[in-house]
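Chain nomenclature is as follows: A, B, C and D, assigned in order of appearance, with residue numbering initiated at 1 for each chain independently.
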Amino acid sequence: MSESSSNRNLQVFLNGIWKENPVFVQVLGMCPTLAVTNSVRNAIAMGISTMFVLVMSSMLVAMVRKVVPKQVRIATYILIISTFVTIVDYLIKAVSIPVYKALGPFIALIVVNCIILGRAEAFASKNTVYRSVLDAVGMGVGFCIALLCLGGVRELLGSGSFLGVPIFGPYFEPWVIFLLPSGGFFTLGAWLLVFSLLKERKARRAAQEQSA
Amino acid sequence: MNSASLWFIFIDSLLINNLVLAVFLGICPFLGVSGKLDTAIRMGGAVVFVMLVSSALAYGMNVLLVRLDAEYLRIISYIVVIASTVQLVEMFIKKKSPALFRALGIYLPLITTNCAVLGVAMFQTIRDYSFVQSMVFSLGSGLGFTLALVIMSGIREQLNLSDVPNAAKGTALALMVAGILSMAFMGFAGLGSN
Amino acid sequence: MSVGTHAIDIRTSPHIKGQLTTDTIMLHVVYALLPVTAFAVFVFGLSALLMILVTTGTCVLTEHLLCKLSRKQTTVGDYSAVITGLLLALCLPPAFPLWMAVVGGVVSIGLGKALFGGLGMNPFNPALVGRAFLQAAFPVAITTWAPAFWPKVWSIERFTSIMLPTVSLPFMRPESVAAFIQGVSLDGLSGATPLAKMKFEHQATPLIDLFVGMTAGSAGEASAFLIILGGIYLCARKMMNWRVPVSILVTASLVSGAFYLSDPQAYPTPMFMLFSGGLMLGAVFMASDMVGSPMTPLGIWIYGALIGAVTVLIRLKGGLPEGTMYAILLGNACTPLIDNLTQPRIFGARKKAVKQ
Amino acid sequence: MTFPWFGSRKTFAHGIHPPECKDLTRDKGIRRLPFAPHLILPLSQHTGAPAKPIVREGQEVVRGEPIAEPGGFVSVPIHAPVTGIIEKIGLARDARGGMSPAIFIEQYQAANQEILYGAETDIDSLSPAELVKAVQATGVVGLGGAAFPTHVKLALPEGKSVDTVIVNGCECEPFLTTDHRVMIEQVDSIYKGIRVVMRALGAKRAIIGIETNKLDAVEKLRAAIPAGIACAVEAIEAKYPQGAEKMLTKALVDREVPSGGLPIDVGVAVFNVGTLAQIGELLPFRQGLIERVVTVSGTGVRSPGNYLMAIGTPLRFILEQVGFRERECELIFGGPMMGTTIASLDVPVTKGVTGILAIAKDHPLAHRNGRVYPCIKCGACVEACPMHLNPSELGLLARKMEYESMAEQHHLMDCFECGCCSFVCPSNIPLVQYFRVAKAITRERKVSK
């Protein structure tokens, strides 16, 4: 493999993490992002499950992309995805019942996570298996990071702990709101605000440099 | 069998555990289609309709799966049911009422990826609702989705004329408004329980 | 252009202007709030005073800083931040920890107002956004009510002692108010609000106590009398739309009257409804915030009816003793829709002209 | 019988009550202002096509003689206001600061400025069509400020009819007392004028609408109703903009002029009382409009009053005559609500000028140079707008330059710029100015389409 193509592959991988982060940049997959991030544990479980489904289905879609007729491709993708979601559903139930209970129907809802179908349609159906998996892993990691960002803030402020370990000592007054739905909206909104502020600042810097 | 009263299920799904503002289902269309009041109402109508039909079908499907002892097929079968419901509904409306079809337009196919529809089907299964309960639940959920969507679109239309700071424009602000709405809906907690 | 020795002003019509300006309106709202504020200090002592100062200061400072940060001219001069600060303090428990009050002030202005583009752009009443945030974030502290000093205590003590929760350390759990109550041993005074007593103990508070303000509750909601006075002042000076409080109070009394008539044993009288809790303060000073209320008279009636009905429903049928705040926030949320539905009919508008 | 202390019930919905400020000139009888040595007569003093000059430079003209002929049907002639000599025909500054063609006349100081009266013709012997021609020949236009040629209103379009003539004696603009004085001092001419327009239009009745702040005029006119015409004098609430024809029609006969329509669409024709007085005075003798009553008022004027002045008198001359306090003033042609600021002292009084106001900057009603606050959606403008528009929403849309939405969904074009919204706006938002720009852009877009 030549230097440039491996570079490009790296780019594919990094895209999902930063430049095209599915949550913060593309604003996709909002429902699980908001619903299961009131603790870091749930966030990680959700992130990993989604990543698993994303990678597996991207791989399979890329494999069968030349076989499937155009008219039924979406239906096929959905079937592929829901199969993997069923697998994950049973896997989690086998591994940890508390996590399964906490995530509830949101595991099943991975099926309709727009990130997965979106990547299948936009990337995996047009690229090689290798690149599709790279892309899926990148997106998956990006999604996990976003969930962690949210889950971290919400658990830290909402219960004063991280992964269940108290951080701020026994006298800390938790901000219960961050465990509530409204807190989820606020946290995600605040993250998006931070990102757009950063972007704005970068743009202003660039403009200044250009004029200077 | 769940024994919650129909009235409670309705209030709960409409206001207290509002699909969008408390359960986080259907956030994508909530953020995407809430720019204009007109479209919001149409989208809401389409969702209510599809939700009722698909949740009835999902109920039947679940009964069948339980009898066949094939519950592992639940996710796959539900998504197939929903996708085909949307297709059928679209065809049906197109044929029977072109006016309604024009009104709902592109929103019908969008509903396939609306996690609220699948979510409602999953919830009614997990909570073990009877058929009537399921119907009331899906009606309340659909109306709750519409309510949130319509309120949101009203506010966003107004915000279009405001001097919102650049950084906050778009999704960030919409999420903040949703958060405030979600706080306001918390006032309904406990309603209908006594 | 100028021919004589004078300069000629050039403007477009109209060349004269009514003299009521936005900053005057805001200033007079502050005036109208002052008696209520003073009474809150009188009833609840030093703690209430500190809290009022802290929230107002925080709101003004936050507004100023956010203006600076977004490189705008500071808008502190229009007094709207002062109103927000005062209102926020008046709807919090008197012994509320000061650090939480600061959080409330920042959220009110930052989330409730600046984010939407400042004065006139906020869909929700900023003070209530702050209050709702605090309610959700610190549910225990915000429902810990200190008892009123007046009329049981006449000593100067209220201005020499601070209720302990007030000074709890930032981010730390506030001390219990119970310890404080025992410390000064006030007989017969409990910290439960009339609404909570009604809801959870089925015990009514005498109407006159509610009217004059001898009850526990948020700092500013004690005296219905002073609130009404402030409201009348504003209405008389045309700085507030009288329809807002009137429609809310009328609806609230009608709805609660219906409940009362259906079962006088289980439900309180409409008068109790009107004068207890934050309904009066909310109806007069918060729901009437022009920014968040509809513009046409018909719209305002709908808006008021919605708020009044939801308040009573939450109080009587919901899980919470008080619902005014939520009702007003919901009313604010529905305002654009109501405005949309109640656009004035254009003079001489033709009946739906045949298009095409 | 009316009870002035209760105010009259007859009115329209919404509107405002600005301070009247009419006390300065209310009781001052009409006085003649001396003739200015040089007069400027713009060719376009009226709505419609400009008049065409029919004189040469250097030609001598006699007072009352036509010096320009109408440039079309929607146009009127101009008559020489003084006996003198045509100085030149060229560009003159107009009130808005631009230049427009005008006839300049130098007055003969020696001339006695008399008009030769012809024999009085009997109005009743003229047919409606002849009346329209005769009215056009007088050069009379709407003297209430609009300056729309009056004869055009008299020529009924095909299929329309008028049953009621409404005489507008409201004078709802603050400061102005022109019509008030005319109604007290020229009662006979007014009724003559009413007879002319009723005959021309075939109207069955006439109603004179006067605001309750001019009850002396109501009494005077009521006492003088001549036998043989169905005429009523109604006192109506003193409220701005009661004098707008749509509002007046609503108040007096309770008919709503359809959006985008004219009073004639509901069988009504509205004339300013001053216009009818001039028609009644001029038409029987076949004379032309050469002078008019103008209220000169405001805190910047030393001797405010109601002056009869020759059309074409330059502002500078008038201010010299009445005394002008050398202060920072805003000079306005017309009323303070809808008038225009004057950019130069060399501007002449034209047929449509109802008043000349000098409002000092420290006047309690003057614009304070306060900052513009954001709209706080107080709804004051919504409750003020006589057309029942939503100026607040329109203003917000204008700021975002959503002109299309303004015109199509928010009825922008129904706004007639009465200024109520700007007057009441506590946030100092220049709403009328926004709407004027938006209307201009909308019109341009329509044309370019």
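In this text, contacts are C-beta pairs under 8 Å (C-beta built on N, C-alpha and C of every residue); 3 or more make two chains touch, one makes a residue touch a chain.
Please read these numbers as outputs of a predicted model, since none were measured by experiment.
Of the two chain pairs examined here, C-D and A-B, the one linked by more C-beta pairs in contact is C-D. Of all chains shown, C has the CA centroid lying nearest to the centroid of every protein CA atom. Per-chain Cα centroids separate chain A from chain D by 70 Å. Chain C and chain D have Cα centroids lying 49 Å from one another. Each chain gets one centre point, the mean of its Cα atoms, and the points for chain A and chain B are 23 Å apart.
With centres taken as mean Cα positions, chain C sits 41 Å from chain A. Among all residues of chain B, those that touch two or more other chains are 162-163, 168, 173, 176, 180, 183, 186.
Contacts with at least two other chains are made by residues 111, 117-118, 120-121, 133, 136 of chain C. The residues of chain A that reach two or more other chains are 177, 180, 182-183, 186, listed in rising order. Because contacts link the chains in a way that matches no line, ring, star or complete pattern, their graph is best described as other.
Residues of chain A that touch chain B in their complex: 27-28, 30-32, 34-35, 75, 78-79, 82-83, 85-86, 89-90, 104-105, 108-109, 111-114, 117, 177, 180-186, 188-190, 192-193, 196-197, 200. Across the complex, chain B is touched by residues 374, 393, 396-397, 399-400 of chain D. Touching chain D in their complex are the following residues of chain B: 160-163. Interface of chain C with chain A (complex): residues 111, 133, 136-139, 141, 169, 171-174. Those residues of chain D whose C-beta lies close enough to touch chain C in the complex are 16, 18, 97, 174, 246, 250, 256-261, 316, 324, 326-332, 336-346, 357, 359, 361, 363-368, 370, 373-379, 382-383, 385-390, 392, 411, 414, 417, 419, 422-428, 430, 432-433, 436.
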